[in-house]
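Next come the structures, one after another.
First subunit A sits with subunit B, and in the next complex the same chain sits with subunit C.
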Partner chain A sequence: MKSEYEDSILYLIAIILLALPSITPLSVPIEVSPETIEYYDAIENLPQDAVIYLELYSGVRDWFDTGQPSVATVKHIIRLVHEGKIKGIVIGTLGVEGPVVLPEALKVISESNIAQELEYGTEWCFIGWVPGFEAAMASMLEDFKGTVVKDNYGTSLDDIPILDGIVDLEDFDCVIVTLYGSLEIYVRQWSGRDPVFLLICWMGHKTGAMPYYKSGQITAIMTHVKQTAEYEKLLGYKGMSAALATSQLIMQFFLIAIIIIATARYWIGRRKEAE
Partner chain B sequence: MSILKRREISHVIYILTAVIILLAEYTNLGALTSSKLMIAVTMIVNFTIVLGFYNLVYRHVNIITRQQKPDMYYSLVLIITFVVNLACMYLWEPGFQWILAKVFMPVMIAITLGGFTLITMLYRGARVRDWVSLVIMVSAIIVALSKSAIGMLIPPLYITGDWLLAVPNMSARRAITILAGLGTIILFIRGLLGLERSYMGETSGA
Partner chain C sequence: MTGAEIEAIFYAIFICMCWSWLYKGDNPLYRISQNITLGLAFSIGFKASLDTIITKASPIMTGDIYALIYTVLGLMTLLRFSRSTLEISYWPLAIVAGVGTAIGVKGSVGPMILTQTIGAKWYGTDMLSSINNIMIWVSVTSLIIYFIFTVKRDAFGGTVGKVASIGFFFMVIAFGASVGSGFLGSFTVATGLAVYLFTYPGYFITAIAAIVIIWDVYRESKK
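After this line comes the complex of A and B, so read on.
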């Protein structure tokens, strides 16, 4: 095999393997892990009349990573509002990508069906994109309504009932951050304070978040694909993550096979050189 | 040399800004000035978009006009995509949403899930040459599989993966975070002493 074709052939095999779960009934059983139960319980056990702030810091490219768990989280919150267990949710985004981040937030809103399920203003509100990133984060901690004057549709936050009594970010009972970029900035500004701090991220970020999780600054972490599939199972619906979990597993075995092949090639080459 | 280009001017601005922000952070003195400085930085950063736009267009138009093959075809696709995307974003919102939903997202999902870069990287570089790389590879495989759909089905795999993530990974991460923090402080002190001049586009001193 010519070396310039090797990558293309590997990519082709990867694409075929990825598509397998979509075209065959192939699927793996989903067992709920303790970390998923921890995340689920953190939201489930919020106090009566709790108001949650959901920060959707993820671009459109991140729909596969953090979009699915964000939708599942909003669906969970909708259910709790219907059951009268919590007051509602405020959604916003500080992402530095600005307008590019906003469609992702709108997609989470539309996929979770929150606009149809909850009453705008009293049970949920969308503050849109807040410019300023870390400076805005710090400012929201001191004066939420001073930093975000109007919601995404131009209504003053003073006229939105769900925000009655919210002076600063610490007046929220729970802050959930869906993460694409720098973890440290959010941890630095918002974690370790009064609100329960939950993180939605991909596995790479989870390895970086472990010290903050173990120290209690982050209450629970939700990751994409497999853990989201578990979360969806707990919530009683089947989303895209269940199918993606099978694709992910197949890809992992494929990557392990590549490591073995690459190592075998290396040692065979070395032996030939020695001879 | 123009007085504005003198190194001392930049150095004084650096020190003054740093002192104002630090003072506001620890004593709340000059908090308003510090806040205004932060806002100014945010505004200046926005100008980098203009610079980026100029660089992007300049470089790729250059490649096209010089007719460098095959790069000119890629540059042409890039310029057309860029213009169409920008035009739709500001002039035709449904078109922009269509691009995001039907082009950008599926492509990004394919790239992220497919891990094409990872495939090439592993195929070219992931060779178990000695016992250290063997330990790293085996750890990576255990963590990856423990967090996959079969992780919970094999308890020893799940427990080992969790331990690797919570103990060796966490201690390494903590060490990196502490060292990065120390490095930042050292860099700052070097800047204050005038030893660090890379922010002025110069090679640092001793």
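After this line comes the complex of A and C, so read on.
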């Protein structure tokens, strides 16, 4: 075999292994971790008639990373609204790539079926993209309706019942941030305030978020794939994350196998040269 | 054929075009998909920005006289295209930079500095969290010493250098964990996309791509 094809063959095997669990479900057992229970309980134990603000900043490439936990979170909130525990949810996006990631927010909204499950205006509201990023965040903290003014469909926020009594961001009972860009900006502006602050991010961000989690500025963190699969198990439905978690597991074994084979081949080659 | 099926076929075609890089490196199909992606991202962003300006920032549409100030400042930035009016365009940029810095600094002191020092304890609720807290103290202290370059490493009988190397050790572990986590996240994207190649109707495109690759390998082997 020509050496120029070796890389391509490895990529091909990797692609097939990645897709395999989605085609033939392998049912790897999922054990729910304490971090997932903490995130679940943080939403479950919100006060009666709580209003949640969900910041959907999923990047264009992050549908499978942060999009899935966002969908699961919205489904959880929908269930609580139906049970009468929560008043509703306000969804928005402040991302600096706002105009490009806005379709991703709409994807979460459609995938979670919120438009069919909840009544717009009284149980949920979509404010769309709010331009300004950090300046908009700081402004929402002082005057929410003054910053946003209208929802995504042109209705004045004063005419939307779910936002009655909401003057600034601290009037929300919970703020959930789906992170794609810089964590520090959200921490600087929104964490450590009255609302419960929850974070949805991918694993790379979790390591950076740990100092803020340890100090109590972030109440709970939800990461993609494995933790979302656990969350979906707690919610009682099987989403895409269960298949993604199995794929990730297979991929990790494949990578470990490649590393072991390549290292062994290298040392055997060196020994032969020495002989 | 339904709209969803046509969409899935386009996904599979674009994924194959993007991933053709894995087989042939930089090639025309990869460049086409790259340019389409960039063009689409730019056009969506441009359209959404224009909609936002018209509906939320335009003085006429919002009825807000203060929006006139934002509009004027925004238009002033366009003056940078002419050499004679270039300096006027610095004013709105200066306002944006100043406001942005002030907002950032305002939020930095409390959440990012003071709260972190309050949160740090020597002890925890159990043995593991106590060890964890001690490691945090050791790593923070040693890393701060690592980044002090005004004291030589062999000062105090080489103690500074040894403590700094402990900090370096922690820093490397932290970077490795962060990069490894990011790498894992990238696989998630590949996993989600790979599904489109092996489910209906994407597997038709995959079969065509596989035939093309096999033919190309055969053709190359004949050379």
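Going forward, the second predicted complex is superposed on the first by the 257 of 275 C-alpha atoms of A that agree within 3 Å, B and C clash if a C-alpha of one lies under 4 Å from a C-alpha of the other, contacts with A are read in each partner's own complex, and residues count from 1 in each chain.
Rule of thumb we're sticking to: a residue touches a chain if its C-beta (ideal position, glycine included) is under 8 Å from a C-beta of that chain, and two chains touch if they have at least 3 such contacts.
Keep in mind that this is a model prediction, so the values were computed, not measured.
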Fit-or-clash call for subunit B and subunit C when the two complexes are aligned on subunit A: clash
Partner chain in contact with A:E6 - subunit B first, subunit C second, else both or neither: first
First (subunit B), second (subunit C), both or neither touched by A:A115: neither
Partner chain in contact with A:I261 - subunit B first, subunit C second, else both or neither: first
First (subunit B), second (subunit C), both or neither touched by A:A229: first
Partner chain in contact with A:G208 - subunit B first, subunit C second, else both or neither: both
Subunit B versus subunit C as contact partner of A:L249, first or second or both or neither: first
Partner chain(s) touched by A:S33 [first = subunit B, second = subunit C, both, neither]: first
Partner chain(s) touched by A:V187 [first = subunit B, second = subunit C, both, neither]: second
Subunit B versus subunit C as contact partner of A:A135, first or second or both or neither: both
On subunit A, positions contacted by subunit B and by subunit C: 7, 11, 14-15, 18, 60-65, 99, 103, 131, 135, 184, 203, 206-208, 211, 214, 244, 247-248, 251-252
Complex contacts: residues of subunit B adjacent to subunit A: 35, 38-39, 42, 89, 97, 100-101, 104-105, 108-110, 112-116, 118-120, 122-129, 137, 141, 144-145, 147-153, 158, 165-166, 169-170, 173-174, 177
Subunit A-touching residues of subunit C, taken from the complex the two chains share: 19, 22-23, 41, 44-49, 52, 55-57, 62, 99-100, 103-104, 106-108, 110-112, 115-116, 118-120, 136, 174, 177-179, 181-182, 184-185, 187-192, 194-195, 197-199, 217, 220-221
Residues on subunit A engaged by subunit C in the complex (per definition of touch): 2, 5, 7-8, 11, 14-16, 18-19, 22-23, 60-65, 97-100, 102-103, 129, 131, 134-135, 138, 149-150, 154, 184-185, 187-189, 191-192, 202-208, 211-212, 214-217, 224-225, 240, 243-244, 247-248, 251-252
Residue ranges of subunit A in contact with subunit B within the complex: 6-7, 10-11, 14-15, 18, 28-33, 60-65, 99, 103, 107, 131-133, 135, 184, 203, 206-208, 210-211, 214, 223, 226-227, 229, 244-249, 251-252, 255-256, 258-259, 261-263, 265-266
